[in-house]
Amino acid sequence: MTEKTFTEAAREALTDAMDADPTIFVVGEGAGERGGNFETTLGLYEKHGPVRLCDTPICERGFIGMCTGAAMTGTRPVVDFMFTDFILDGLGELINQTSKMQYMSNGRLKMPMVLRGCIGIGHSAATHHSGSYYPLFAHIPGFRVALPSNPADAKGLFATALQSDDPVFFMEHRQLLSLKGPVPDGEHRVPFGQAAVVREGTDATIVALTVMVHHALQVAEELSGEGVSLEVIDPRTVAPLDMETILESVRKTGRLLIVDETFMPCGIGAEISAHVTEHGFDELDAPIMRLNGAHVPTPYSPALEQAIVPDRAALARAVRGLLAE
Amino acid sequence: MQSDAGERFELHRWLYRTMFTIRTVEERLARSFMAGLIHGACHTYVGEEAVAAGVCASLSEDDAVFSTHRGHGHALAKGVSPVALIAELYGRETGVSHGRGGSMHLFAPEIGLMGTSGIVGPCILQAAGAGYSAKLLGNGSVGVAFFGDGAVGNGAFHEGLNLAAIYDLPALFVCENNLYATEVPFSHASRNPEVAPRAENYGIPGVTVDGNDVLAVHEAASRAIRRARDGGGPTLIEARTYRTRPHAEGMGLTGVYRTEEEVAAWREKDPIKMFRSRILSDETMTESDLDRMESDIKSEVDEAEQEAAAAPWPDRGTAARHAYREAP
Amino acid sequence: MTEKTFTEAAREALTDAMDADPTIFVVGEGAGERGGNFETTLGLYEKHGPVRLCDTPICERGFIGMCTGAAMTGTRPVVDFMFTDFILDGLGELINQTSKMQYMSNGRLKMPMVLRGCIGIGHSAATHHSGSYYPLFAHIPGFRVALPSNPADAKGLFATALQSDDPVFFMEHRQLLSLKGPVPDGEHRVPFGQAAVVREGTDATIVALTVMVHHALQVAEELSGEGVSLEVIDPRTVAPLDMETILESVRKTGRLLIVDETFMPCGIGAEISAHVTEHGFDELDAPIMRLNGAHVPTPYSPALEQAIVPDRAALARAVRGLLAE
Amino acid sequence: MQSDAGERFELHRWLYRTMFTIRTVEERLARSFMAGLIHGACHTYVGEEAVAAGVCASLSEDDAVFSTHRGHGHALAKGVSPVALIAELYGRETGVSHGRGGSMHLFAPEIGLMGTSGIVGPCILQAAGAGYSAKLLGNGSVGVAFFGDGAVGNGAFHEGLNLAAIYDLPALFVCENNLYATEVPFSHASRNPEVAPRAENYGIPGVTVDGNDVLAVHEAASRAIRRARDGGGPTLIEARTYRTRPHAEGMGLTGVYRTEEEVAAWREKDPIKMFRSRILSDETMTESDLDRMESDIKSEVDEAEQEAAAAPWPDRGTAARHAYREAP
């Protein structure tokens, strides 16, 4: 184990994978000589040159489509999209092409393509640099969606992504990029579809996504002083979604809250709630609750930005509400 | 080693055989459509056969072709068998996409047909991507996109050509300018009637050819493909051609957008008829050679149709397979 | 009341609105002289000419962006997108621009734009001509999403859309276009956010979307012979979603099934289920259930196509399962 | 009616005032950024002032401007007050977007600033749309898009120019070619170093101007705007310019992508310095006129900054408002 930042940990997975697999290449604005806007590719250009570390013009649709064609023909592209907001121009390619190629070809094509970059609200980034949108990708068949919440998972999930033959979104919350934590040295892979029970407890289950995992852990710690025992689950991937671990937890606690920074309607919380209601109805001692960011574009002003994101106080309130049911 | 004349004979034979096969299959499919044997839309390639044949003559199975809604001709020219194509449109398990695709989603990656598409535009980007793979892998193959004039005003054209240009990708972009997108004339979709000169914007060569002259297409394409394989980067070819059937089966042959006279004039320039005269004047084959080839092809296509019609339906239990590569 | 097809009814709303409001214009491939691919604009070109009935090149992103700019500057564009699959290339414009303009401008801009066209599986259209994707639009703040299931609602919801200052998706299931039904003459508007209880019942509630409304009604009729009394609700719009009507029904029946042709994960059924669980938990006598099309791209072959869409038999099975719980 | 000389004086005064205001505000914002008063990103317009000023001089409040991440200059030139701009970057209720937008989302529709944007490309399409409204309403107004060289390889450029061209829309497309997109040189993003000649593709006029020469910009823009108002359709202007500050505050002034020497050479061609000499040689204003104007502007901007810094924060209770126009 070595202490590393989230970004360093993910870069380690990329560095190792690029050494091992000469078919991997990275595209993005600034992914080349500059080493990535968020230092995602630092040092790799010097090692692998401009074909494998490819600077692009500002044409997200174009390079996503290009990478789709590349993935169909024997290479393994990594699209470094900077902010998820930018790849919305490529959703036509992603939804109509990338996600469907395996099916349309009856499984004869594979689609080893990774889409990686920033999500999330913070730093007054405003509405064109703070989107998350992973519920959209979870809705569409064909995609995998990884949402690491700590450096070790960043390395482990990215390593898995870089070996997947399905297209994978690897989404990094902007508030986690410089987070430090212990990271396993050498080969480390976290399989998709295995949630982590990051804290055990008996009174209620909190399922938290990306940055909210940290809020949930702090609230759990705070409330433990009051004798409340919370179990906290980090799904780590939302497609596939490890419902079994969540159901098992609910069997124990009887209470469930899902906290997610991004929009509520048709979100991940909705999916988890609906699934648990259908398959764990008899285990529930209280209504399942959801806590989400407000259903609005992200405002710029810190005064407004704070108001639309669930904070620890809101989370603690929601937990108390759930326990009181 | 073969003589030049022998090569020329082989080329002519291949081109004629390919074009005539496409025509025969398409006309067969048009009848099948009327008979209710085809379940979705069906856009035939009749009148444009010289483009697919002329380009694909220089491609191997390792080259990657990406095509459009009007992709039967490209599939056949790339080596898909008539029975696999017909069975696909009939929705059968033995179809080239095992019934998952239909007319607009033809996949035979094992021979480099990387897919036709129901969406206008993406093939251009994907061909650039195949070029990217070829460049990274250094395997000498080429990515080829076929697309219509309708794609020229689309962002994919602009972004795809630019990407291929700046990375010097081994790619070939073949615009089949048949003057209309569905029933919208190109003159309405663009103030600029030319496509090939737009290549200049991207700093790459652009070539206009008579898309009904298979040898002209072949000549331009083989030069561009050689150039691409040699690291010279991409080329844009504008093949001027015409579809002499409706946009899709079931639609009108003419309408507010074009006249009977225009269609008749283009039928005079039928690419197969033109090539037949050329072969006869070149004396690479005789009238009876060609007649025999035609009747052979007709029988083959008839048999293919019968085989397709008798083929099993896909097993409905498999419908959910292959959305993902891996089990979760 | 006059008997009309779905398409005729919607066209009537458009015809009336274009007569009344000279700022309305329609764009789309074939929307001009040809009268629309699905006769959506038949006869209007002759009346209003090429500026108001505007044929476009194949550049969905471009004309959606153009219409966004037009809506910001005093006109009311209607984008006739033919198939929803085609506008995915414009999702960047829709999500980053169209949906956010009102918020970013602090309510000083409005966004009177209608996006209308075909959705849904059928006729072996295969995967590039059969998408629905409305859960995506419901997830994003800023949009309204109307899903009429009959000619009268087609007219009434389209009329409302054509007066809305929010961007509206008006989505027409391909299997409903030629459906006939009685349509109110003259002005007829169906407000957004008002579900219709299309059949009353007491044993269970079925919420059904677009074409599934018809399946649900037939199953309800069939099962009524067995003494089963089903209530069928058509939400008519999914953004806003009339949860009150659904909750009221569940208070009566205690049982809920949501049937939707399109994908389950993070879908409309998930949202309805999660909402009812949170706000109507004590009314539930059984787990809420969802019935959706398979989570795969649409296959072409009729043999496969049928297999991925909920049919009446599947619906009846699901209802029996729900009643047995 | 004013004399020509009077008009010239007014024009020069407006242009100088506008450019100097932009410069002063931007330099003030750069200091504020260092001081932590600006919460998000901040892309200044220093070095490029002549473009916004030269174009906006011919626009009225009824004309619609759409801009980019580097939009402060366009906002000020279109009539946004320094205090409304600074307050926005400070995140205050009195900001031009009431704190919802910040540096990259400046909205003042009441004076035709229809928005700056954090996404590269859309402004081009939206300006075409404003042109569409103007055409349909027949109100004689014009849609204007400002965008960088970085947008040229984007599909929005291609689709937007084509749409404006085929419908003859009253629109003006102003490409601010400052040679770099973030730190990617235009020569890497395109094999073709020119932007204006691409207008030919779309059948519309394209004009290259020295973007540091405000009178040249004004001349080209006013001609294009007149043409648009008269129903002559859209024009593409490529203004060659340079940013003499980093891409965004907090980033390096130079880097792998450009040299100190290059920056210094462009500073020699500073648009304000150049225009000052021109005014003095034309004798439209005197040294002391200009000095007085400059010091007035400096005081105004100082006051604006103080006012902005003292302005109230938005009420967090309002954060969820205006996502929709209407109650459900």
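To keep things simple, chains are lettered A, B, C and D as they appear, and every chain counts its residues starting from 1.
Operating definition for what follows: contacts are C-beta pairs under 8 Å (C-beta built on N, C-alpha and C of every residue); 3 or more make two chains touch, one makes a residue touch a chain.
None of the values given here were measured: they were computed from a predicted structure.
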Comparison of A-B and A-D by number of C-beta pairs in contact, larger one = A-B
Farthest chain from chain D by C-alpha centroid distance is chain B
Express in whole angstrom the distance between the two chain centres, defined as the mean CA positions of chain A and chain B.
-> 41
Find the geometric centre of each of chain A and chain D from their Cα atoms only, then give the gap between the two centres in Å, rounded to an integer.
-> 37
Rounded to the nearest Å, the gap between Cα centres of chain B and chain D is 46
Interchain centroid distance [CA atoms averaged], chain A/chain C, Å | 30
Can you tell me which residues of chain A touch two or more of the remaining chains?
-> 56-57, 59, 61-62, 85, 89, 92-93, 96, 103-104, 127-128, 141-142, 295-297, 299
Using the touch rule from the top of the page, what residues of chain D touch 2 or more other chains?
-> 97, 100-101, 105, 117, 119, 153-156, 158-159, 162, 166, 188-190, 322-323
Could you pull out which chain D residues touch chain A in their complex?
-> 39-41, 88, 91-92, 95, 97, 99-102, 104-105, 117-121, 150-151, 153-155, 181-184, 188-190, 255-257, 313-320, 322-323
Where on chain A is chain D touching in the complex?
-> 29-30, 33-34, 37, 55-59, 61-62, 85-86, 89, 123-129, 294-297, 299-304, 306-308
Considering the complex alone, what residue numbers of chain C touch chain A?
-> 60-61, 85, 88-93, 95-96, 99-100, 103-104, 127-128, 131, 133, 135-136, 138-142, 239, 241, 263, 265-271, 273-274, 277-279, 281, 284, 286-290, 295-297, 299
Within the complex, chain B is touched by chain A residues 23, 25, 51-52, 54, 56-57, 59, 61-75, 77, 92-93, 96-97, 101-111, 141-142, 144, 164-166, 192-193, 240
Taking the complex as given, what residues does chain B use to touch chain A?
-> 64, 66, 97-98, 100-101, 105, 107, 109-110, 114-115, 117, 119, 122, 124-137, 139, 141, 143, 155-156, 158-160, 162-163, 166-167, 321-326, 328
